[in-house]
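Here is the structure we will look at.
By written order: A, B, C, D, E, F, G and H. Residues from 1 in each chain.
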């Protein structure tokens, strides 16, 4: 190989390694934030309704804090190389989606859409060939929310909140119907979607228990 | 060696080259077709799950399942169309030559077809029905269906039935359906067991069937445990749950979240 | 499954197992014959030219004996199922091809063609969906012959036959050119073809040695 | 949850379904195209070996190799045609999304192209030349060539050169060519070594290169050993061998076999 | 190699392969029986208590039928060669142990000991250099029974039999305590033993469900 | 190779294999003790509260017995070679940690810290280049305790002890929150930590069952 | 599990592991001896003919020394358990066979038969249910001798001994013909036998080199 | 978990991962040097004898350069933790040993001993609890040298240097005899040692080719 060619190639490869290091730094930063969000959100299971909104505010401010990371990544990643590097931060991003969607559900009872989450994390349309939120990562985050909600359904009852499981049940059923519309390959997303039915089953059981206990207190309207 | 020999050797090898190239080309075509068939079949399976789950308050189970099955068959017509075009590729002794390329897609197709058939009839699709589905209007098979592909395709059905029964739990009548599926998968497992001696891959798939069955059994168990606390017939319990749960959802209860 | 269906399937599977047993018996018979041919042909490396034709006659009669095996197989294998069962006897058949091609080369210096070998082994056109000689098996047999000829080139010289290596060299070069015309996949045939070049190299070395030794005895015509 | 929400969720997932289906369909198309490219490239490599080996008494090495290379390039035009049609599939950030589907065929293509290039020029094809070969007439690339694919494709070349040098031994001038190839593959090995730090797969392929190199070295060794017994220049030894050997073959010597 | 030596060696090799064939025949016979037992025992999961004893009788008669196989093996296997060939029938034997131990538990609630199982399968002390039941194979069979019982605990409840899991729990607890004291070096056995913990947990959860809902009473057993 | 060099190398190799044998003996001793502790601790699942403290005393005395093993190891392992050999006893040590931490929890409701466990097992500061308790091994032991506590929560209810799950839930929640803040890079440890979620869910479900049926009251703990 | 049963099982398990340890000790002893024999026999490749017989005497005395090991094994292995434990010393035994057969060939030019080797290693007929030499192990040893002889053919020429390769060629040819008639089912043995072809080719090439240069005369052996 | 404990554990975990990073930096440095040495030494296969000593000098200076790395490691690795981290640089170190031993052989024809290599790489006795050269790593390096020498024997002949293979043969023979006496338990080392036989055979064949053609004279070395 000509010396010039050798040098050219070497330069390209060195640039890539350096790039990888710089992305890794951002990802470490991202990880710290997501760890904090997860640890905070873990408290929803034993926080009484009246103090929950303060807890959610804490998480919201960390989500906003993630915007500096996405910005950092957008500045580092070269044009069109989004898919080359995304695996490096994919796990952190899925966790951030989880946090964002869960917070939104607990605040408003709504599903935060992909665009909404993407905006919250500070992603911009013009970065989409460098940093963006893919459908897969978004869906992974949503599935994690369902996993968490089945746990929340149980713990709400322990905390004396008997309506929560029924609301969760309706929300999760809708989501499950949504997921059923997808033609998935045998990949992680498929495997995780497959596990959703157990969450639904668990939630159903809580609804069943709660409904029949309510029997004593609520007047029954005969079903038609 | 005479130079005429040289020519002969060359001529012979030219023949070999054509034969080998033809084989490889046909093999490639079959691999590609098999990938398409696999994809269509997988999509059909998703479609069937979706149709069953979406439900429709105006239909009872039998109507709902029959409608889903019909739509499934429709989608599988595309696969049958592909097999029709493959007929000349698999004629005579060719089928067995390309069996390894054909099997994966074929088994996936049988899985999808048997799922639709189960929804419509509640039984395993017979061998002859599968063979008929890949035959032309005169009943001439596009190729001979092997017992092995038939059984291996059916074996995969149990996994789909497991999904069907567990995710259908919250449907009205879902609990009863789970009991039915449990019994059905048990009989599948027993039927298949006899054939594992002859078909090695089936033995591996039986393990998957066993796992699926245990998951269904756990589901049915949970139903039994919970309803045993109350002295009311299961259908009435279902109605109560449905009522209470719908009362709690008067168009969004976000306010007190 | 309906009892009738179960029975039908069971019958089909039992037929297959029985068939497999019967084929195995034929293959054992075949193996005995090919072992004998290989052991006999191994003697060509230390048999003087004048007794070699008796040796080849012995092998020829065993080749003819293989016809009863191919006939036996043709009677057992169901129509159109050739490719289903052929792996069971493929190794034996390749060895028989090896014997047939080697004997022909040693007798006439010619390459026995696929059809010729097929005929010698008693295969009939009307059996071709049950028993036949495929191009692959034929070629495997031919490659084995080349492997053996590189050994023969060496041993001929030891036996004082200096012309043999040169003849072998011409024959093998032609064959190699033939093989080069094939578009092979990364399968066994490709791997074995790949090894042919070492046989050619070995034969070339013998030709080199012999030619330069002949220098002393043969008058040199200057090359043009 | 308001039923309008239900509609929204459904709508959102419809969008996801379309996106996922589009991805899978494109992925399938690229896998199929990649298989075709691999096959064509492999055939080109066989063609090059064949053309070199068949030789032609009227041509010297340089002419022979150049002619072979030309025919190789011609065949590879088919591959380039496929890449031209794939351009829209791999536009913008898509290339990296489908890299795993594209790489195998691409590396095989580079192996074939670099073999032809070596025959013509006796050197490694530069990166820019490869990129140019998969660009349109205006020099606009069908997609960006990665350094990794470039190097991994080149690395496979050494195996073909090993075959080329050993099976070419009996050609006139084959011994000298083997020496040249030996030096060339040594320099390839040394050049590639620098990059193994960055490209993990290259490290594995270097082992293959090392094996090929040792085979070539053994060949070159055998040549040196045999010619060292005689006090004549190698070319003259070659001529003697050719003469004696052709004298022994006056149109078939079957009689005394 | 001397012709006599060669003949002797060939005789030895042939005897061995013939022996292997004959053992294989017995093992096939054995397998048929064990498959039948497994298929029958599989029905315990959906057979109501009142018909179970008829089912067990069927299995018992097959166990007795296995005695002809062990006898057959004892007649074929040459003296002292038990350890040479035992792997051929080891799997079948483990399954037979499984059937025997499970039937005994379902009949009497007791653990059939190694000697008892060995007797049931018709093994005789004087065959011990040809056919016998090793500790390892016995333990493998017992572990398989526990695996099956955890499934039975679940299915019994479905059938409305709420006492069965409590009995099973007691039985498995004892067994597990016994196993815990064994010094298992054998890797497979140790791994399978470790898996028992999952079965025990599962059974304990069934007992929990039953007792929580007061569907049956769990007697407090003083720890031993 | 010079004879002297050779001798030196051989001496080094022999010393190592001898050392390995001697360590193995100590580890066998260690294993016997840990097996006994595990078997004894297994009884907590069916021992009524009033006899549990006797059971714990038995285990405590075995823990003290482990001190002779750690002493034995400290005498055998050469200076500075702790990290060379530790894998040999790592599993036993993790089990000892498990026993020590579980006993402490059941006695006092407290988490035994690394130093406390280390002391209990008789480790001395001055042995730290030969025998010591690493953070990783300690954490592994603690995770095993959580696994066991989820099982205990279930079995306590069966025994009619409805407060135990609530206490356990509180303890595990604290532990989990602690672990969440650790920056675990170690792969096995991270995977085992992830598995804690299942234990926590199980415990929460038990608490749910108990509270739903008003078998015990769950105090609302202000989130920290 | 009954306490008595448990004790019995534990005793059986413990006896086995102790036995394994004791056999391992003997095997270590055996290995030392075979290592010494291999190291000594390695010198045949650069020992001039006149000093070779002293070298062989050294090896012979080590072979005799192996008798104490076989005796040791016969005393340890319980009756009928030969096939259970033989794999532990099989490798050492194959090496001892190799040494014995090679020494015999170099001394007398003959092939030592199975019985002869067995006697040399001190095996007694009455031990055959505990320690004996199987056909397979014997054949493995013989194949190793051929591997070594192809190397010796090369090195003899370097030492100026041009007749040795011719003798070796004759010996190996006979052996190979013998092996060809064996009906080898055993996989490893068949694979190793197939590898003999390479040794034979190598030896034939040495004979070729020697005869081409007229360094020795190769007698034309009438084919048998 | 107490906050103090948690902090302490986190500090320990963080220190370790930081340490790992710093060691990795040194290892990268080390790798650069070993890659350079390997690249340079690769040229011995086509460098004429008169320029080889300049080439060796280049490598020697890089070896000396490695001393800064070993010093760097000694400063980073905490006392007593040699065995904890050594795997990180083990491969680089084996390559450095390879370079050092090969250079010494090519310069003086001698085997560089463990101590000599250790000194060359700048290791000091007082660092032995942090950085040192183990017997295993030394032996791995030496085996790599033999692998390389078998290739060198071939290429020397191509370059017309007919004495080199004879010297190499002598050197390797001695080394091999030394290795044969080692009691290698370590699996990788034993497997690599076994592979030496192929190198030795290859070298012997080169010596054979050279001596057969009287291109150089092989001195008869009296066996030791």
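Note that in this section a residue touches a chain if its C-beta (ideal position, glycine included) is under 8 Å from a C-beta of that chain, and two chains touch if they have at least 3 such contacts.
All of these numbers come straight from a predicted model, not from anything done at the bench.
Between chain D and chain F, the least number of touch steps comes to 2. Each chain gets one centre point, the mean of its Cα atoms, and the points for chain A and chain B are 32 Å apart. Rounded to a whole number, the gap between the C-alpha centres of chain B and chain G is 57 angstrom.
Chain A and chain G, compared by their mean Cα positions, are separated by 66 Å. Separation between the centroids of chain A and chain D, computed from CA atoms only, is 45 Å. Contact of a single residue of chain B with at least two other chains is seen at positions 1, 5, 24, 194, 229, 249, 252. For chain G, the set of residues touching two or more other chains reads 177, 181, 183. Chains touching one another form the pairs A-B, A-D, A-F, B-C, B-D, B-E, C-D, C-G, D-H, E-F, E-G, F-H, G-H. For chain B in complex with chain A, the touching residues are 42-43, 46, 49-50, 53-54, 163, 166-167, 169-170, 219, 222, 226, 229-230, 237, 239-245, 247-249, 252-254, 256-257.
The part of chain F that touches chain E in the complex is made up of residues 32, 35, 38-39, 42-43, 45-48, 51, 55, 151, 154-155, 157-159, 206, 209, 213. Those residues of chain D that touch chain B in the shared complex are 1-3, 5, 24, 28, 31-32, 35-36, 39, 249, 251-252. Across the interface of their complex, chain A is touched by residues 1, 5-6, 8-10, 12-14, 16-17, 19-21, 24, 92-97, 99, 123-124, 126-127, 144, 147, 150-151, 187-188, 191, 194-195, 198-199 of chain D. Those residues of chain E lying in contact with chain F across their complex are 173, 176-177, 180-181, 183, 201, 204-205, 207-208, 211-212, 218, 220-223.
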